[in-house]
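Mind looking over this structure? Questions follow.
Order as written gives the chain letters A, B, C and D; numbering starts at 1 within each chain.
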Amino acid sequence: MTATITETKTGWPDRINEAARKLTQGYALVVIIAFAASLAVGLLILAALGVSPWQALSVMINGAFGSRMAIGDTLVFMTPRLMTALAALIAIRCGFYNLGAEGQLQLGAVGAVLPATMLPHSLGLLLLPISLISGAIFGALWGLIPAVLKLWRGANEIIVTLMMNFIGIYFVKYLVEGPLQPAGSNFNMSAKIANAAQLPLLLPGTRLHLGAVIAVVTAALLWFLLYHSTFGIRLRAAGLSPRAARLQGMPLSRLILSSMLISGAIAGVGGAIEVLGVQYRLIEGFSSDFGFDGLAVALLGGLEPLGAVIVALYFGAINSGTIALQSVLSIPSAMAMIMSGLPILFLATIQGFRLVKGRK
Amino acid sequence: MSFDPITISLLLAAAVRLSAPMLLASLGELISERAGVLNIGLEGLMLFGAFGSVLGLQESNVPMIGLLSGALWGLGAAAILALAVALLRADQIVIGIGFNILALGATSLLRQEVLNPSYNAPSLRAISIYRIPVLDHWPIIGRAFFMQSPVFYGAVLLAVVLGLMLKYTRLGLIIRAVGEGAGAADAAGVSVTALRFGAMAFTGLCAGLGGGYLTIVASGGVFVDNMTGGRGYLAVAVVIFSRWRPLWILAASILFGCADALQYQGQAIGLSIPPPLLLMSPFVLALVAWVLMGKGKTGPGEIGLPFLRGQK
Amino acid sequence: ADQIEVAGLFSGNVTQGNWDPPGYAAFTAMAKKYNFKPSYVDNATYEAAPSILRQMAGRGVKMIICHSSGFSAAIEEVAKEYPNTQFVLYSYASDTAGLKNYSAWSVNWDQYGFVTGAAAAASSKAKHIAIIAGEEIPSAKRAVEFTVKGAKSLVPDIKVDTVYVGSFTDIAKAKEIATGVIARGVDVLIPSADLADVGTQQAAEENQAFTIGSYMDQSKDYPDAVVTSTVLNFNKAYDQMGQFFTEGKLNGSIYTMDLSNDGWTMATPFRHVDASVQAKIFDLMSKIGKNQVSVE
Amino acid sequence: MPPDPYLTLTAITKAFTPGHPVLDNVTVAFRRGEIHAILGENGAGKSTLLNILFGMYQPDMGGILLEGREVIHRSPADAIANRIGMVHQHFKLVPTFTVAENLRLAAPPAIRPSLARNADIARLADSFGLSIDPKAIVSTLPLSLQQRVEILKALINKAELVLFDEPTTILNPAEIAAFYKVLRQIAAAGRAVVVVTHHLNEVVDHAQHASVIRRGKLISSGPVAGRAREDFVRDMVGHEVDLSAALDGTGEAPGAVRLSLQNVSVAATPSSSGLRDTSLTLRAGEVVGIAGVEGNGQRELFELVAGALTPDSGTVEAGRSHADGRPRVGLVPEDRHQEGLVLDLPIAVNLLLNKIDEAPYARAGRLNHAAITARAEEMRAASDVRSRNVHVTPRILSGGNQQKIVLARAMNEDADIIAVYQPTRGLDVAASEEILRRLRDAANGGRAVLFISSNLDEIMRISDRIIIFYAGRAVGEVNGRASREEIGALMTGGAAH
């Protein structure tokens, strides 16, 4: 995504913040238009299939926000996508095109499940933080590999991270088919994690767990890091203009390494959260393309933490809303995919169009 | 277990057969990428092609028309994608991701609405195998390279033609220019928009044909949801791995096919490596090779960037 | 009065393949017969399953039938929160976590595999058969194990190849594998990879080999290849679910579907083979049903 | 009676943002046989005017008359079809292509056969006095050679009307002379030539017609004959400017050695000779000019001084250094978009990029926005950077204002040395004067200034000593009063050793 050229209104507070700027530039409006347009197309298709669009709409909204349970689900679906989006954006802001959040998430899940299933239960409440940190470390190390390969061998990070996604996915498959599968198991999954390692539920009667809070807090921390720390400003400078940054003495290699460490750690924690808060075990295929979803979320959110939160929330709502569509109106699951694909297409197209118009 | 000549010959033949859809899609993707468009939507394009070819086959009962229909569906789907990317400058990666999700849903819905579940395809042997006389009896490679679908021979020819085209023709020069310096091409009077649109349309045609090969040649005319199963993403990887050179794409596709084939040819001859590790092997192999090859060209300079005239 | 709502949860697409469509048909027939209001979700993933179950139960669905053993973890998680909803699993369960509202109709897959293997072995002239399986999941591995046992019980010197496609949808790969094993001398194949089975069937048809169909009679689709098919009695199981539910008898039990209670059978007549083969297999089945032969 | 215009731009109006026209009702006519100069300050609208003619932008109002016939240029393709060629201010070259490929790409069908072989291309380039290796990859060429390629692209296409947007910014005097010789030939052949330039002597020496644009309005357009440099400057800026203001040193002897290079060598690259056993000292209070044709080691010299490059052999001593070992030097790099600025970060951050992790701008890794803004506003006022505030990004500023930011940062570095590379490239008369004066003041205030440039005039005006680089060596040193001829000879390797 090319940075748009903008100007703050005079009189804005000193702490200018690109996120707020992009949003005031009508980005929120774009999101709304895209959502409305895809909803319209989706409802048209539904009408063609013989379903009343209004009923479908109300079922979807109900399914996403209509009850405590619905809101809980929406947030649970939001969480992994937000984590991978944050992982993608911190790396991309440093100029490192990390498409590898999926693989880092997979490794993070492995990192979390090992202590959560193997350490003695007597560790009690320590088990949870240990598992989260272990997930972060696994993700970070996995994320470090493409950075090292780039700096050491000049290997293109797009291909390396893409390949490492597949390696990560098959590695998890290998683990749950073999080494991590408890004897006598009926499924390809690890043993259940210790109770103490589970992320606490936040709202009774819902699936909402502490992971959602971790994700939002991570977004806030990242925002602080990007806009209020010297590290963040160096990272952005290095991403936007590596040659200028280098001449002013900014250590490019170290910045890339640390941004990928952070990126991998965030994705890793995202994977850990899925294990510790949702599945309670490592299951093959536990991620339904969270990595790619997250990348779309990051880019659609303008590579801003706040934007990522908003777009991820919206993806979460789409997920819970279309499940309601299926279960209440028995609409084929294909419709759910159409309804998640369309807004991405519309959003990106409108954004592109704005880019062209802005330059005419 | 043993690696006797017959096993190797079977393995190679299977590798080549399994690589053909990827080869076709990769060659298509190559042209987009050379023109500066990273077309992540390849997976979706293949899926549309796969669906379209079965529809064509069902309506005509002629395998060739099925393949053609697949290519045209790929082309049509690519035109929509190109509208967003080349004309409206949508972000290439985001659009690709969204398109793939949409394609998965759309082809499934279409299948349920228009494909006849109990349709019985006619014999597809004519386009599944064409033995090239004499050569097909060569030991080891005869079966692999000279007992294939005519579509595969076509794909090999296409790789050669594309290689020559990119290197020696004006069209090739222009495609490369648009990918390496769109501003310069524009100033030289080339329509970057039209060229990228055309390149993406060609990608759609090839990916659609790849999808058609997958259903008609390799799956006997049956479409199932998500039948491409990641081949499109792999094809993108193949292009980058081959460093944007057509003949390397040919080699790399077969290499990926080999790892694929080894997975079960290995099982059949009693090689006991856990399947996930075998599935993983082409990626590890590609990664190691990529890293060993070291610093090289990192791809068309403007890949992934929208073209905006008058940008500093 | 309002109709009682029941729901089905399917892991695949209810319009494709030979596992979910017959299950869905049985589900619909049952709902009609007992005057329930039916709804369903297909292509349900692990990620979404608990949420789907909660949504259904929270909305007041009184019985939710999950048509795949893969959903057992999700049921165990959700069922305790919704004591007023009955959760039913079809396919396989070894226990129901002591929950009163979680029952299962469990196919005896050991018998199933054993007989399938025997049927293939009895049909093979080359004494060389192959199992083309999908992904290497524990239930598949166990089925393969018993298939081999069944084959050897009838033909002790039979050679059995087992190959996993690594996918339940990749027809092209299944076809490639099947073609390969036929080239190695296999003349009867056991497709066991769900949607990808199409590839195995095609390879057999094109290369004059035979197959044993699965879950429903597939001889119409592949007349040149299919010797016989296993036929699961989905209708009976689903009908029982409807009946027990109506009578308030669902109580956390596991109902086994096997040869002793018409849980499944094999399609007749056997084709492409001597009549003696069919006789031999039905004899084996009835002995197993009467516990005269143990599949252990 | 002048001949009828070949092409007329009539009443062109263009606004990128509504209400702020960049061009306001501009009408100019270009004639065959003439070199037509267009003058104006940075941001006056010169490039925009030519870009509209070439189809890069669409005018809001007004149109184009070609030999009296109305034409519409929707894209460069239309302009090319009407036999118009253009040399762009920001080169339009494919960086990974060879010179030959770039030329072939731009060639219309009729010309292509004559470019089929590299030897033909080399000969053609020679015939224009702009020799070049057709097989060289453009991105490996120094900017001055890239500019040659950009010019050649337009020359070989035999266009009827050729537009040159600042074609000579980094050419050396000999190249500039050769270039204008070619332009005169083109004009003499009955074709039309338009040149945008900031170098007034080029206008006075070579152009027949000159138009001046100020803030989007056409101020004057007429024959050059009889007009002096001062007249043009008045039209451009709206008031008198003294171009001969002194840029002299204090007259005191230079002070302590601040920078010393001893026998340094750096390996050669395809685009540069590298450095070969070069020594050089720089003292407090003096401006040392480095003259030479691009690619003779200047780039390496700058990077060595900046600490971005370590020599293969020899030593660089620059007195005080940063915590990470880099020498403390105020830097004005060659390419202000890529190396000088982070175009998409606020001006405030750019002004303090070198100090952003020091107190009071940061404490414990946390930015102090108030301190940054306060200091940046001070610097902006002191350097007269014309922007609304320090929160906008430099991307929307003109080149002159962008360069003021880079210079302000260099001066703000608490360093004894300031190293500048092409500091006035592409800047207008007034902006250039301002930059030169500030650098001279810095030296007079006791700092040491290393002044690398391909603009001999400004080197001669500002420098106390001039060192001439050729093939990676310092081949001669003259004082600031030396003659152009003497220096020119050394630059081309002619004299000295």
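Points worth noting:
Heads up, the rule we're going with is that contacts are C-beta pairs under 8 Å (C-beta built on N, C-alpha and C of every residue); 3 or more make two chains touch, one makes a residue touch a chain.
What you are looking at is a predicted structure, and each value in this text was computed from that prediction instead of being measured.
Shared contacts of subunit C and subunit D, meaning chains that touch the two of them, come down to A, B.
Look at where the CA atoms of subunit B average out and do the same for subunit D: the two points lie 46 Å apart. Chain centres here are Cα means. That of subunit B falls 35 Å from that of subunit C.
One inter-chain figure worth recording: subunit A and subunit D are separated by 45 Å, centre to centre, where each centre is the mean of the chain's CA atoms. With touch defined as above, residues shared between interfaces to two or more other chains in subunit D number as follows: 343, 395. Along subunit A, residues 177, 332-334 each make contact with two or more other chains. Subunit C has residues 13, 43, 136 in contact with two or more other chains. Interfaces, counted as pairs of touching chains, are A-B, A-C, A-D, B-C, B-D. Within the complex, the subunit C residues that touch subunit B are 13, 15-17, 43, 130, 136, 161-167, 169-173, 175-177, 180-181, 183-184, 195, 198-199, 202, 206, 220-221. Subunit C meets subunit A in the complex at residues 7, 13, 38-48, 50-52, 54-56, 58-59, 69-70, 72-73, 77, 81, 92, 94, 135-139. Within the complex, the subunit D residues that touch subunit B are 51, 54, 56-57, 75-77, 79-81, 86, 88, 90-97, 101-102, 104-106, 108, 112, 337, 343, 395. Those residues of subunit B whose C-beta lies close enough to touch subunit C in the complex are 10, 14, 17-18, 21, 108, 111-112, 117-118, 120, 125, 214, 218-220, 222, 224-227, 229, 260-261, 263-265, 267-268, 274-275, 279. Touching subunit D in their complex are the following residues of subunit B: 170, 173-174, 176-177, 180-181, 183-191, 297, 301, 309-310, 312.
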